[in-house]
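Structures given as structure tokens follow.
First subunit A sits with subunit B, and in the next complex the same chain sits with subunit C.
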Partner chain A sequence: MSALILISVLGVLVLYVGLFGRKDMLAPVGILGVLGAIALFATGWHIPHELLGGMLEFDGFSTGFSLAMLAITLLVFLFGPDYYARMANNVAEQYALMLFSLCGGILLTAYNNMLMLFLGIEVLSIPLYVLAGGKKYSLRSNEAALKYFLLGAFATAFLLMGIALLYGLTGSFDMGVLAKHIAEAGTGSALLRFGIFFVVAGLAFKLGAVPLHFWVPDVYHGAPTLVTMFMATVVKMAAIAGFFRFVDITGMPDPLARILVLLTLATMLVGNISALRQTNFKRLMAYSSVSHAGFMLLALLSDSGTEAGNGADVGRTLLYYSFTYALATAGLFILFIIAKRANNGDEHHQIFRGLFQTKPWLALCGLAMLLSLAGIPLTAGFVAKYQVFLLAIGAGWLKVMGFGVLMALLGIYYYIMVARELFMASEEPVTFTVSPLNGLVIAACTIGVLLLGIWPQLVGVWA
Partner chain B sequence: MELLALILIPLAAASVLMAFRPAAGTARGLALASTLLTFVLTLWLWYTWGGETVIGIAKDWVPAWGMRFVLGYGGIGLLMLLLTGLLFPFIIGTGYKQPVGDAALVNALLLFSQSALFGVFMAQNAFLFYIFFELSLIPIFFLLLYWGGEHKRAITIRFFLYTLLGGLALLFSIAFLTLQTPAPHSADFTALAALDLPMDTQLWLFWTLFLAFAIKMPIFPFHSWQPETYTMAPTQGTMVLSAVMGKMGLYGIVLFLFGIVPAGTAHWQGFVITLSLIGALYAGVIAFRQDDLKRLVAYSSMSHMGLMSAALFTMNAYGISGGLYQALAHGVLMVCLFYIAGMLFLRTGTNDMGRMGGLKARMPRLALLFMLVVGNAISMPLTQSFPGEWLMFNGLWQLKPWMALVGIPLIVLGAVYMLYAYQRVLLGTPGETAGLELHDADGEEHFLLVPLIAITFVVGIFPNTVLHLVDAPVHQLLNLFPPLP
Partner chain C sequence: MDSLITAIRVVPLEHYLVLSFLLFSIGMAGALLRRNILIVIMCLELMLNSVNLLMVAFSAFHGDAGGQVMVFFIMLVAAAEVTVGLAILVHLKRNTDGVDINTLNRLKW
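Let's look at the complex of A and B:
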């Protein structure tokens, strides 16, 4: 709780720092605050506790997810001063909005009550609508903000509808009561089925799961790249955490499983197929995020509830998967911005050409992160995918998993296409300027991805 | 410890080359020294081997998934280690006369792949096997991408995806198998081999496993990546692919299919042998029609691999020992043939046999070396391939005589296309390239080819030096197989 308060206050504090015109102090204050929140969470690790009369429940899962999201936010903030160096006004708001959004994300990892679910989604989303339009005079950025807002509003309405139906069924917002009702009365009632359907629709929208993914490429493409980076990493983690809690606490009733299978198959298929022909790197990463959502859904699909089944395993896998995905994605986005600057704002993936000639270590870092996203052994992405496949086999989803394996192959194709560019010679000489701090962040992401890949127990989740 | 050294020595040498990018001469020298050191190490392993499975190192990695870092070798693994250790110095040596690109990078990539290949042949845990299996691919991918010939990008990507498809199928199977072991799960080969899987599982599991190895070897109809990749790749890359990496497929078949799903293998035996023989004949016919020397060698490699696969799947002592023995012979042969193709390319600037002809008058020593290699390629008695071929046909005959009969045109075909190629390149009326400034094979080239040719004859006359390695393991395997109906 104290961490949650700290982050909210930190957001306000950052706004005040901006008010007094100390642009140079914004990132340091933000980073210190995030470090403080990490410390607060880290000290409370392994001590489950309930808040607000049981509406929030911080257990190992939510603490782990919160820590991971904070760590990624830290990376985003470390890159912030560089990214916003050329922006004169309203920088403080950008940091503050990200912090507010993060608060929503933390709520999503820990809710035990559907009101908190709704609150979390809203607190997570509303700052993002503003952030997506961060480039005031860019047509694409405005398009992104408007699309995101309109579609997001619809999704919220769906979610609310679902919550209302479930409330009508049980007379309570409490997830525990819902789970008990399902266990006792079965899944026959239409209220329950429609309720679950609508709630899942709302959550799937946030996660960017097919067929509710149409906003993803446009918003990722149009939003300022740092915001895209934040959305592709922290927001994704929050969404999957929220989804997991809903599935896990309800114990995967039958109608939910049926929706999830379709979602998983569609997401893996559409995400990977659409990514194949992308040449704009941001859109490619957008579809890559959809396809990774598909693999995370596959893990989710294998869940049979913490009480009775493998819920704890699924939670750990999702944490590991989303964290390592976020690490690689964050590093690649920074690399992308560096390359984009070197090529006068071009976003085609050919901008990476010549990187190996001029900055070989950077190219190798990029390769490691791309291979991790593709799921090649000795990287964290491989361990993550393997664990997902193990879960799916264990839960008996053999055919769905076989399909996933094929889709993973497609995934390797488009990541390798980018990796190829890293090592191609460029026609005209390009100078990539990398500040030491940026180099350090990229190196940290790479080391994280490799270390977690070679030694998965490092995060302490698999004993 | 020496097992770990086999992986670490090339890895360290490659890292040094990558980090410091020394000049070409130093880079080749370092790479050659490292490969010679590993060769001596493999010889030492051979010399001290007592006939049983040796486990050198065993450490837990991720116990929850049965993933352990276990290195060791039995007779079959040792044969593969010897093959890798023996051939890599020659592959590195090829770079002296036929250099491609940046010597430091090329040699670093070759050494990385050697390190991974040693890993594949020593891994005693299926998961570890898979990791090395995939890692060996990545350096080759870059080698092809950078220094390949025409259409290199499209061909490289196709090759990469093809092999990864097989790899993922393998991963799927390993994951499935691991979960079948009693808790706590283990992916060690011993644990997997102890599984008594029900027949219907074995029937489909056979295919997901077979796919990986069939693509790697390659076996018809999973071969379509191979001829183009071999032709386009720089000579050293082709050598690694054909001489060593293809053998991962053979090794995998013995390890996974025979060891873990013997009943499934026995069920599909006839079908796979038919496929392999069709592929062998088909590749032989195509090889005969080639004008491009490198492509001809590529198809001849596929033809040989088809026969080796057919022999392995006979699942009798003759067939399996013949197939494994032939793995070494085929490796040596491929290095020789691709080296000679490279020598000719260096002199004439083409691989097109239509533009060669009558070169023997200008290069008598090269012609002699080529003749000796061709002798091995068509399995003349006293060469290394002869005992292998004899064993393989014997194995096929024992299973079904018609299978051995199908093989007879194969022998004829092999002789025809190799001798025809020899004739077109070296004999007859001088072609348009005969007028070029051609110099005969020089000291360095002899230095590389003569030891390899010597090996072909020594092993050809004393095949037991190699065969005794696989003797015990093959009989152990035979005990696993269900009795034939």
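Let's look at the complex of A and C:
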């Protein structure tokens, strides 16, 4: 709780620092605050505790996810001063809104009550609508923000409808009461089926699962790149954590689990197929995030239906999967911003050309992160996918797992396409300027990805 | 307060369910079909308010105050959400001079 309060107060503090015009102090204050929150979480991670009369429940899973999200936010903030260097006004708001959004994410990892689920999703989303429209005079950014807002509000209405129906069934917003009701009365009731369907629709939208993924490429493309990086990493982790808690607590008995199977299959298929034909790097990363959401849903599936009950394993796997995915994605986005600057704002894959000739270490870092996303052995991405497939076999989802393997193989293609550009020589000389801090952040992401690949237990100690 | 709850209970619960489903569907149809963004936002509000109605009805029938507290939270969050939405719309209006949803066509595939 103290960490949650610290982050929200930190957001207000950053706004005040901005008010007094100390733009140079924004990122340091934010970074110190996030480090403080990490310390607060890390000291109390092993003691499960309930807050607000049982509405929030911090156990190993939620603390692990919160720590991972804080760590990725730290990377975003470390890159922040560079990204906002040319922006004169309203920089403090960008940091503050990210911190507020992070608060919602932490609520999502720990909710035990549907009121907190709703508040978490909204606190996570509303700052993002503003952040996506961060470039006030860019039509593309306006469009992304408005699309995200309209579709997000639409999804919220569905989520609320589901919560209302489940409330009508049990007379309580508590998730424990709902789980007890399902265990005792079964899944025959129409209120329950419609309620779960609507709630899953709302959660799937936030996660970007097909068929509710259509906002992902547009919003990722239109939003300022640092915000895209935040959305693709921290917000994705919060969404999958929220989704997992819902599936884990309700157990999703058999007829309900079918929705999840359909979601998983569609997400893996559409995400990977659509990514194949992308030439814009931001859109490629958007579809890559959709396909990774599909693999995370596959892990979720192993905790539903008749096989429900291996929640701890699934939670650990999800934490490992989403953290390694977020690390590689964050590093690649920073690399992308550097290459985009060197090419006057072009966003196609070709901007990476000539990187190996001028900055070989950077190109090798980029290669390691791309291979991790593709799931090549010796990187964390491989171990993550392997664990997900292992869980799916253990839970008896053999056919879905086979389809997942096929899609993972397909996915390698478009990551290799980008990796090829890293090593190609460019026609005209391009100068990539990398500040030492940026190089350090990219190196940290790469080392994280490689280290977690060799030593996967590193994440396991949290959850 | 008790008299109010008895008054709510005079109408059977099914009627509240049907009414709020109808309102929800009208809102959904409007949000999907209308071209003016202001009207789309109004339709989204209608969807949220149909949920509010359902929450209050369930709350009265269960004799549990939680549903009514939830309604306050929904109203609060909906207000915050629409504030942000209208601000974004004002910027779009400045940049494109219109509130037609078809202007949102620069980002595709």
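By our rule, the second predicted complex is superposed on the first by the 453 of 463 C-alpha atoms of A that agree within 3 Å, B and C clash if a C-alpha of one lies under 4 Å from a C-alpha of the other, contacts with A are read in each partner's own complex, and residues count from 1 in each chain.
The rule is simple: contacts are C-beta pairs under 8 Å (C-beta built on N, C-alpha and C of every residue); 3 or more make two chains touch, one makes a residue touch a chain.
In this text the structure is predicted, and so the values were computed from the model without any measurement.
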Self-check item: Touched partner set for A:P456, first subunit B, second subunit C, both or neither
Solution: first
Quiz item: According to the contact criterion defined above, which of subunit B and subunit C contacts more residues of subunit A?
Solution: C
Practice problem: Scan A:T187 for contacts with subunit B and subunit C and give back first, second, both or neither. | Solution: neither
Exercise. Figure out whether A:F423 sits in contact with subunit B (first) or subunit C (second), or with both, or with neither.
Key: first
Quiz item: Touching A:Q357, do we find subunit B (first), subunit C (second), both, or neither?
Solution: neither
Practice problem: Tell me which partner A:M401 touches in the superposition: subunit B (first), subunit C (second), both or neither. | Solution: first
Quiz item: So, does A:I393 touch the first partner subunit B, the second partner subunit C, both, or neither?
Solution: first
Quiz item: Counting only touches as set out at the top, which of subunit B and subunit C does A:D218 meet: first, second, both, neither?
Solution: second
Practice problem: Applying the touch criterion given at the start, work out whether A:S8 contacts subunit B, subunit C, both or neither, answering first, second, both or neither. | Solution: neither
Quiz item: In their shared complex, at which residues does subunit A touch subunit C?
Solution: 115, 118-119, 122, 126, 129-130, 133, 136-137, 139-140, 142-147, 149-150, 153-154, 156-157, 160-161, 163-165, 167-168, 171-173, 217-218, 221-222, 283
Self-check item: Complex contacts: residues of subunit A adjacent to subunit B
Solution: 371, 376-378, 383, 386-387, 389-390, 393-394, 398, 401-402, 405-406, 408-409, 412-413, 416-417, 420, 423, 456-457, 462-463
Quiz item: How about subunit B: which of its residues touch subunit A in the complex?
Solution: 62, 64-65, 130-131, 134-135, 138, 141-142, 145-146, 153, 157, 160-161, 164-165, 168-169, 171-172, 175-176, 178-179
Exercise. Show which residues of subunit C lie in contact with subunit A when the two form their complex.
Key: 17, 20, 24, 27-28, 31, 37, 40-41, 44, 47-48, 50-51, 54-55, 58-59, 61-62, 64, 66-67, 69-70, 73-74, 77, 80-82, 84-85, 87-89, 91-92, 95-96, 103-104, 106-109
